[in-house]
Amino acid sequence: MAYSDMVMDHFKNPRNVGKIDDADGVGEVGNARCGDIMKVYIKVNENIITDVKFNTYGCASAIATSSIATEMIKGKTLDEALKLTNKAVVEALDGLPPAKVHCSVLAEEAVKAAIADYYKNMGIDKKIDIPCGDEHCCCHRHDK
Amino acid sequence: MAYSDMVMDHFKNPRNVGKIDDADGVGEVGNARCGDIMKVYIKVNENIITDVKFNTYGCASAIATSSIATEMIKGKTLDEALKLTNKAVVEALDGLPPAKVHCSVLAEEAVKAAIADYYKNMGIDKKIDIPCGDEHCCCHRHDK
Amino acid sequence: MKLVYADNAATTEMSERAKQAFLDNIDNYGNPSSLHNMGSKAAQVLDNSRERVAKALGCESRELYFTSGGSESDNWAIKGAAISMRKKGKTHIISTAFEHHAVLHTLESLEKQGFSVTYLNVYEDGYVRTEDLKTAITDNTGLVTIMYANNEIGTVMPIAEIGAICREKGIIFHTDAVQAVGHIEIDVKKQNIDLLSLSAHKFHGPKGIGALYIRKGIVIPNLMDGGAQERGKRAGTENIAAAAATAAALEEALTDLEKKNNRVSALRDKLIDGLLKIERSRLNGGISPRLSGNVSVCFEGVEGEALLLSLDLKGISASSGSACTSGSLEPSHVLLALGLPHEIAHGSLRLSLCDFNTEEDVDYILSVIPEIIDRLRDMSPVWETIKANEGKR
Amino acid sequence: MKLVYADNAATTEMSERAKQAFLDNIDNYGNPSSLHNMGSKAAQVLDNSRERVAKALGCESRELYFTSGGSESDNWAIKGAAISMRKKGKTHIISTAFEHHAVLHTLESLEKQGFSVTYLNVYEDGYVRTEDLKTAITDNTGLVTIMYANNEIGTVMPIAEIGAICREKGIIFHTDAVQAVGHIEIDVKKQNIDLLSLSAHKFHGPKGIGALYIRKGIVIPNLMDGGAQERGKRAGTENIAAAAATAAALEEALTDLEKKNNRVSALRDKLIDGLLKIERSRLNGGISPRLSGNVSVCFEGVEGEALLLSLDLKGISASSGSACTSGSLEPSHVLLALGLPHEIAHGSLRLSLCDFNTEEDVDYILSVIPEIIDRLRDMSPVWETIKANEGKR
């Protein structure tokens, strides 16, 4: 199993690591039992994601997908950010080993969960389709 | 499967190769189907084996056992020669690989068959016990 | 950058003597089954190598069969013994839950064929209890297969006691000694072992070769049918150079073994002590008896692969769980067998030292790990939660 | 004394390129399953080697599995296919009477488990007839295993035709191509081969490594259960250096193959012509298609081992029947399958040339053999009888 240079770069120097104490939205997905948890924080101004940070517990590709996904949504409108797919994340990283594709799904979910949280906080009723958002999502559901 | 130096010596320079046209006794054992035939010729004078020759079709150890067995009975009395055992032949050759022990049995048989033939020619009724003397002796009977 | 290879339980570098023995025979290419001189020369080296390996185990040459490695030896021993015991009407096997996959998956395939397997508990400390073995034995038990030393956590099982129990009950006893041979003094006769698997690349020998000891009197069918090699029990043209290198490596490994083990276990203990200073870390498996080179720890709030790769970037080769399974998402079955919760087992690190490692290696590892752990914990929401809960208490 | 190695069907010398590839990787000792850099470096060489071997056979990398050699590949393919076909309710296998023991003994073990095997006639010339195959196929047939080229007499089977017939009938087709790979242009796709066994040491590669090609879509259970190596299909820490050497050897063997084969078969034909000048000699097996290096002759009135050892004393390495069985007293099952009487089969000699052999080698062999035959016939009572009978006619 070899990671691409992009994955290694984002693992070694992850962008946007950290927390936003006064975040407008926070999304957390995965669980410790499965070996990965991603937590994404966003600041939103006029529908634009002005700042984003993440904290991730997980393997190198979990860290790298979090890093690149946050990069991909930074400065984007919420609607643009909602179009983020795990496929786009995998492509941006020049590929992931098959066993690690589930990390890209988690990253997509984490972003969407943060946006959903933002809408909830704003009292805006917007249905967001999260691939596998519930907390009890089984570890292997993303492998297939 | 490695042969001892003695076996190789008797294979390379077999003693007593040949035929005796006016032999007093000739013994042939083994069969071509099994891959080895030994034919031993003896000249007898006053119960002493004065000359002995052999012809052998067979593997290196068949040739070596024929060679050493003829050496071992040359100049001996018939009674002494009849005491030749395959074990003695194996020992004289510093051992034989297990799969080749049957050759030493053949050599013992060939000598005994030649002596038996001598007695028969002389009209002497003497019972000689040949381990496996009949022509149809199966190839593998000596392996055990 | 300093390079430290600390993954010797996964595989080892060939020793100079092993390499030399290999190279000395690379042109000794005859087929040992051939009758000509080229063949005999090869056969001589094969015989000599077999004798030397047999001697190192305390058995006779003719009880030792070369194979392609530890996995083949395990498959042959267990599948073979299973077929033999079934002929005697027995279908129950006893093993442990933390065997190597070469044993576990073999047992699973036998379970599908109607055998039943009892997996003994190895408790939190990673040791089998002989009382549990005695309790598990029934009239239907035909085989006990228990590893000599665990590949992940290094705990060493009470093999002689297990051997004595099995011999008394007339049960075949196989031990996967892949991690033990070359590292622990073994005497298959004294220890009443019937079948023993070894693999050369775990003691500085070459890859692709191992052996199975089959005690005289134990009859198991072949796994590999074919030519008359290995006295008709294991077909395949023999790898002479590798056999010679195996013998050389094993002899070298056993020379001054105690001295080497003392040195290596001192390094190990220094490493363990240093690592356990890190908060919320723990040692996996008991400390004694333990392979002299094995360090297995878990760090809470950190995931093993990220830890491994961070170490790799610092020139340190290590492993998390066993190498074979590290591509998967499941934490190691060994750590789970110890009763560790998934979330803690995910944070495991195995550093396996050998006598090529130095004190500088250990110091270097200890200088590097804490900052890596800190960095990973800093970005870990799990660690955040742990800390938050601590604060609450 | 001149030394001539003419036993290349038993095993070959490693080529310089293969040795170099091996040595280049002897320190690339990481475990490919390991996540660290040492592991990835090893994994890269493994992947690259697999690709190159796959390319040489015309298949995809993921259809190629490294094993410990030809015997393991044969055992895995045949035992595996047998289990798979039994699940579909089929228990009939078709093979030939002159397969290598790795196939024959495997089939025998299956016969004991309730499979039935039809052994096709190979006639006096050593070729399978496709009409016989068609006749032998029943609704119960699940596997056809027919060797690509015979190891003793060098005859080459109509593999593409056999492949086409099997594919049409939906029967799994395995070929033991141990003697063919590296010597004959093979394309498993065009030839409709489902399973193919190869062994590196038969084409100037290292010993202890081989491969099994398993066509995508063919599912057979593992022979070697355990770790996740070879995509979970063949457990055991991989032998990187040997894999690299296998790829190097195979590529080298296939470079200018036709040119090499033309040269070697010219040597072969010169040798055959020379040997057949000896009275009461005969060529075993048809001349075409035949492996470019194979010479197999019988000399009446002479026993093979004595002939072999006499040649060995002159520096010539050859074989009688196959190397594996030459310790036994039975004449080769291959020669018996051709219908040769025992007494003639006993006098067999196999000289197997490769592209390392020269015309001088052939001239030397031809200068030596007649006097050896004369000497042995001079002391042979069988020859005496033959001559006597000739006199009578």
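Brief remarks follow.
For reference, chains read A, B, C and D in written order, and residue numbers begin at 1 within each chain.
Rule of thumb we're sticking to: contacts are C-beta pairs under 8 Å (C-beta built on N, C-alpha and C of every residue); 3 or more make two chains touch, one makes a residue touch a chain.
Please read these numbers as outputs of a predicted model, since none were measured by experiment.
Ranking every chain by how far its Cα centroid lies from the centroid of chain C, the top place goes to B.
For the pair chain C and chain D, the distance between mean C-alpha positions equals 35 Å. Per-chain CA centroids place chain B at a distance of 56 Å from chain C. Centre-to-centre, using mean CA coordinates, chain A is 39 Å away from chain C. Within chain C, the positions touching two or more other chains are listed as 35, 305, 309, 327-328.
Residues of chain B in contact with two or more other chains: 1. Pairwise, the chains that touch each other are A-C, A-D, B-C, B-D, C-D. Every residue of chain B that touches chain C in the complex is listed here, in rising order: 1-2. The touching residues of chain C, counted against chain B in their complex, run 35, 40, 43-44. Residues of chain A that touch chain C in their complex: 1, 8, 11-12, 14, 17-18, 28, 32-39, 54-60, 62-63, 97, 99, 102, 139-140, 143. Across the interface of their complex, chain C is touched by residues 5, 7, 10-14, 19, 22, 26-27, 29-31, 33-39, 67-72, 74-75, 100-103, 105-106, 108-109, 199, 201, 206-209, 221-229, 235-242, 305, 308-309, 311-312, 316-320, 323-328 of chain D. Against chain B, in their complex, chain D makes its touches with residues 301-306, 309, 313, 327-331, 341-343, 346, 378-384.
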